[in-house]
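Residue numbering begins at 1 within each chain, and the chains themselves are lettered A, B, C and D in the order written.
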Amino acid sequence: MRYVTALTLGSRMISPVSDNQPLLRVENLCIAIQNAGQLQPVVRDLSFEVQASQTLGIVGESGSGKSLTVLAIMGLLSGSPVRVTSGKVWFDGKDLLQLSDAERRSIMGDGMSMIFQEPMTSLNPVYKIGDQIMEGIRHHQHCSAKEARTRALQLLEKVKIPDASTRIDHYPHQLSGGQRQRVMIAMALACDPLLLIADEPTTALDVTVQKEVLDLIAEIQQDTGTAIILISHDLGVIAQTCNFVAVMYCGEIVESSTTEKLFQRLGHPYTRGLIESIPPLHSDVEWLNAIPGQVPALNALPVGCSYQPRCSHAQAQCRQNPPVALLDDEHIVRCHFAQQLQGRAS
Amino acid sequence: MKLLTFVKEALEGRKLATAGAIWLLIIVVAGIAAPLIAPFDPLEIDPIARLSEPGTPYLFGTDHFGRDTFSRAVYGARMALIIGIGSVMVALLCGGLVGMLSGYFTGLGHVLMRMVDVLMAFPALLLALVLMTVLERSVFNTILVIGIVYATTTARILFGMMLKLKNEVFIDAARCSGAGHLSLLFRHILPNLLSPILVQATFIFAFAQLQAAALDFLGLGLPPEVPSWGNMLAEERIYITRAPWLLIFPGVLIILSVFSMNLLGDALRDRIDPRFKDDIAGV
Amino acid sequence: MSNTPLLDVKALNVVFRTKSSGKLLATNRNHAVKNVSFSVHAGEVLSLVGESGCGKTTIGRILTGLESAESGTANFQGDNILGLSNAGFRPLRKHIQMIFQDPYASLNPRLTIEKILSEPLFIHKLVRNRVEARTRMAAMLKQVGLDPDALKRYPHEFSGGQRQRIGIARVMLVSPRIIIADEAVSALDVSIQAQVLNLLKKLQRSSGVAMLFISHDLAVVRHISDRIAVMYQGEIVELNDKQQIFENPQHEYTRLLLSSIPQVKARSTP
Amino acid sequence: MIAYTFKRLLTLVPTLLAASVLVFLFIHLIPGDPAAILLGDTATPEEILALTRELGLDRPLWQQYVLWFKNVLSGDLGRSLFFDTPVLQVIADGAETSILLALLTMFWIVILGIPIGIVSASYKGTWIDQVTSGFAMLFASIPTFWLGLYLILIFSVGLGWLPSSGFPSVSDEGGWTNMRYLILPSLTLAAPNAALIIRLVRSSMLDVSREDHVRTARSKGLHPARVAIKHVFRNALIAVAAAFGFTFAALISEAVVTETVFSLPGIGRLVVQSILRRDYPVIQGVILIIVVLYMFVNLLVDLAYAWLDPRVSLS
């Protein structure tokens, strides 16, 4: 039975005799949205693993379900019409989905923390940034205000906020977007998490600021060994920051591999389409090889392979659920023609 | 027609608000068809049957003059409609226009809005009272006074909405297509304001009922002989222990109507553009 | 390319004044655009590229008469278009058109696509009647890859990419001389962005319309432009042919921008 | 903050001046000779002539205004026709009742409105929420005087627990126990306003709870109650504070009715009685004072707003 899971998609193949436990292991996660009385699946049968001190990048367009996946892992779906319908999320030896709310909260912000997309709105405007960083520290570590403040100051220095001892008493609106995102990172690092989830952390930032923030995240990972899940729509950001990549389309992982191997041998037609949609920076092409059509609506998903209506290689066979193909031990593709297509120009 | 579908969609799945809308329909029908429904003349005095209890022939009993409470209540519905619709129209015509134009032509607008601010420095009922001091007690004046009071808030609200709408990208786009001021105002902006205005009108209608009743009660609203729910309460208040039905029927009618209007307004407000939600001061 | 440019902007300055909150009568002056000069020739695509707040969007809004400048001139076909009133600008709107960034905000939610698209046709008297307008609109919708059925529908029935196509149709319908495209593909998903970029390029080539393409995305800019102006804090720091900008950047800021862009290094190779 | 206060004060000046002009013109809006109006029906032609001179009614309107305004600044609001005492004195006599009534009402509004609003928002969509927000809307739909009359009927006439009318001063016999006279009136007055605050707290909290920073707070693993109070309610308070200005205006309006229902010797009933007695100097004086007071309250609300929202005070 164990071997069956090995064939599900993973950032790393789950080997049948693997003895080192992954930090996070998502098994057959299904998420659905409550819409007019019925449940519409948005994330389907998702499985992957993150090892300690790895960086997993999840890339996909809007509606691919990448954000909902990490919100489910983090435990932030409650109160929304979205819920996990089945699956397991193993973190640090526990199935998060089986925990009580209180047990779950003791992990949130402590063992696992998150950075969000909008630095302008993700901080509470009425509290000083120092107090917002201290709040999590005091909650999880039960230390004095003074100790928490010292720690907050250290964190601000670590994320390279200039003049941290003054800035600690500033309100969010007194900081620039880039600085606010640094504060968010400081807040997420407050309790030395084992896993840091970053949901489009640089999408709202200018490209020069984005580089600074991505460099900071990379540096922090070097220093602390925190595992990171980075969500982005930007393949460039993923390619530069992550050592594992999972490509999501319509709520499924269609391809995953180490970053190096993925970009060497593009296995899935969608991944290839995504890359060819980006105009190259250092050469000129006359026309972009754009993917035709658009992402199907959730309530009108195609039968079989969900990419099949847009795929130039689609055949009758594609109307059946595609198998999971192993290009090599770490490169997995959900496509009927993975072996034939790989490497072939489209 | 679009407004009707808007109302229909807003009421979907909201039982209480739907019940409210049905109640309001009954009030509208009663108001329009008052002479057909009311069994007696609302002003007709039956000296023998003074303060008679609810029963036959007087369904809701009679007041201290011996007038039929039910007939007066039915005509009161008509008066409630007149006051409500009249006040809404005055408020929208004065306040709505001032607010919209001020928001569009901001140069002159800011001056106009400062004047509205000055009027808003007077609490609502107080402003109405002061105006009524100067004016005669009449249906028209009551409508005018309540309308003016709510014209100030309406102006403010529409001013705010207009400022937001004017900066919409699709307005820029229309300007780039060559649309002039009139076309921008009436073709592009106004249709986007219709549903928020409808919501605002609903709340004004509700408030107007309460204000009119308060004015009647203080003896500064409608002339005492006019059959209105407020006057019925004002005139019969001293009989509250002897003939409680005299205060219960009109009171409940006012409460139900205002409550229904508020429910309806609340349901409608949940359907409008979320950016305008906070602008509308309702319940 | 003729010698006299289609659009010639000289020494453009824009200052925004906002009420200062600290002092009573003082106003904050924000010099958003400083002494900017550039020209666009007929049939050419010039890009303004820079980060948020660099003034690129303001320039686009000035040139379409949506905002006013402090000083400077912008000659379109020889006549200065700055300082014109709303009515004075109107005849020029047939020639100068704009594509907006947000496809969700740029179409009036209360109007059908037919009403949205026919408005400029009637205003500029390009058609005599509804029938003619409908024929023109249907043909244009086909050109931008949409079904003519779209006319009867409302904006909310379309996806972001489709709405942007409608926006492009609205612009192309009046056969303008120059299009100002303000972050026209920035709000779109990667795969849709590629479709719309291809469409824009195709229409630009076939109609020969000039374009001022405003964007923060250097890769997109490279793909579509002939020349590129790099803006930083209200100024053009470098303006050159695109080959030069990318292969031989002169200004430090251009180099910083280029080095900041994360890239997919490995390409699909067999 | 001091600079901000000063700035807000300065912006009040033009509005206040304009409002004072309106109040001044009030006497001139009434048909008839202002001097005759001010002196009432019993005035002799000599008296009217004397007052005309005194107030400069034979001079241009703007000069009359300046003169009137000077008098107002020195505390002279004219004489009451009915009591034949200075208007300021008449108003001062009603002040105790009205101020105590307002304070007690505010107390009810805060202790009823805010907690119920928080509960309603926290249990959004459940029966608790439906019942509380339904009742809140119902209470906002009841005419003040009707509620007052029935409270009297139940608690004074029926149960005999509380007095139905009047209010002896707390300095009279009975001292602070006289406050029991204000319990029913203050509850009457509080009901619709507390209802509005309940609905406002609820909707503001629901708005804030959708904001990104609340998700950030939840991601720290904080207890939901802490998130609700420290992050959601604290931010919703900004909108609620802003609404207290309107609440005060509504309070003044409804106090006029409530004081009449409960025959309280306050400023509200004074307004109504003065209108019925055609005691114009008193009406004019009361309105002027209420307008000034209302603006002052709005100033306080603005300051509270700035204090609650650092984006306003520090920008």
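FYI, a residue touches a chain if its C-beta (ideal position, glycine included) is under 8 Å from a C-beta of that chain, and two chains touch if they have at least 3 such contacts.
Keep in mind that what you see is a predicted model, and the values were worked out from it rather than measured.
Novice: Given the two chain pairs B-D and A-D, which is bridged by the higher number of C-beta pairs in contact?
Specialist: More contacting C-beta pairs are found at B-D.
Novice: Starting from the Cα centroid of subunit B, hunt down the chain whose centroid lies farthest away.
Specialist: A
Novice: Please tell me the distance, in whole Å, between the geometric centres of subunit B and subunit D computed from their C-alpha atoms.
Specialist: Each chain's C-alpha centroid was found; their separation is 22 Å.
Novice: Distance from the CA centroid of subunit A to that of subunit D, rounded to the nearest Å?
Specialist: 54
Novice: What parts of subunit A, by residue number, touch at least two of the other chains?
Specialist: none
Novice: Hunt down the residues of subunit C that sit against at least two other chains at once, touch-wise.
Specialist: None at all.
Novice: Quick check on the complex: what are the subunit D residues that touch subunit B?
Specialist: Touch residues, subunit D against subunit B: 14-16, 18-19, 22, 26, 29-30, 134, 136-138, 140-146, 149-150, 153, 157, 195-196, 199, 207, 239, 246, 249-250, 252-254, 256-257, 260, 271-272, 275-276, 283, 287, 290-291, 294-295.
Novice: Name, in rising order, each residue of subunit A that touches subunit D in their complex.
Specialist: 74, 76, 79, 104-110, 113-114, 116, 118, 121-126, 135-136, 139-140, 171, 173-174, 184, 187
Novice: Considering the complex alone, what residue numbers of subunit B touch subunit D?
Specialist: 16, 114-115, 117-119, 121-126, 129-130, 132-134, 206, 210, 213-214, 217-220, 230, 233, 237, 240-241, 244, 247, 251, 254-255, 258-259, 262-263, 266, 278, 281, 283
Novice: Can you list the subunit D residues touching subunit A in their complex?
Specialist: 209, 211-223, 231, 234-235, 238, 308-311, 314-315
Novice: Of all residues in subunit B, which touch subunit C in the complex?
Specialist: 168-170, 172-181, 183, 187-188, 191-192
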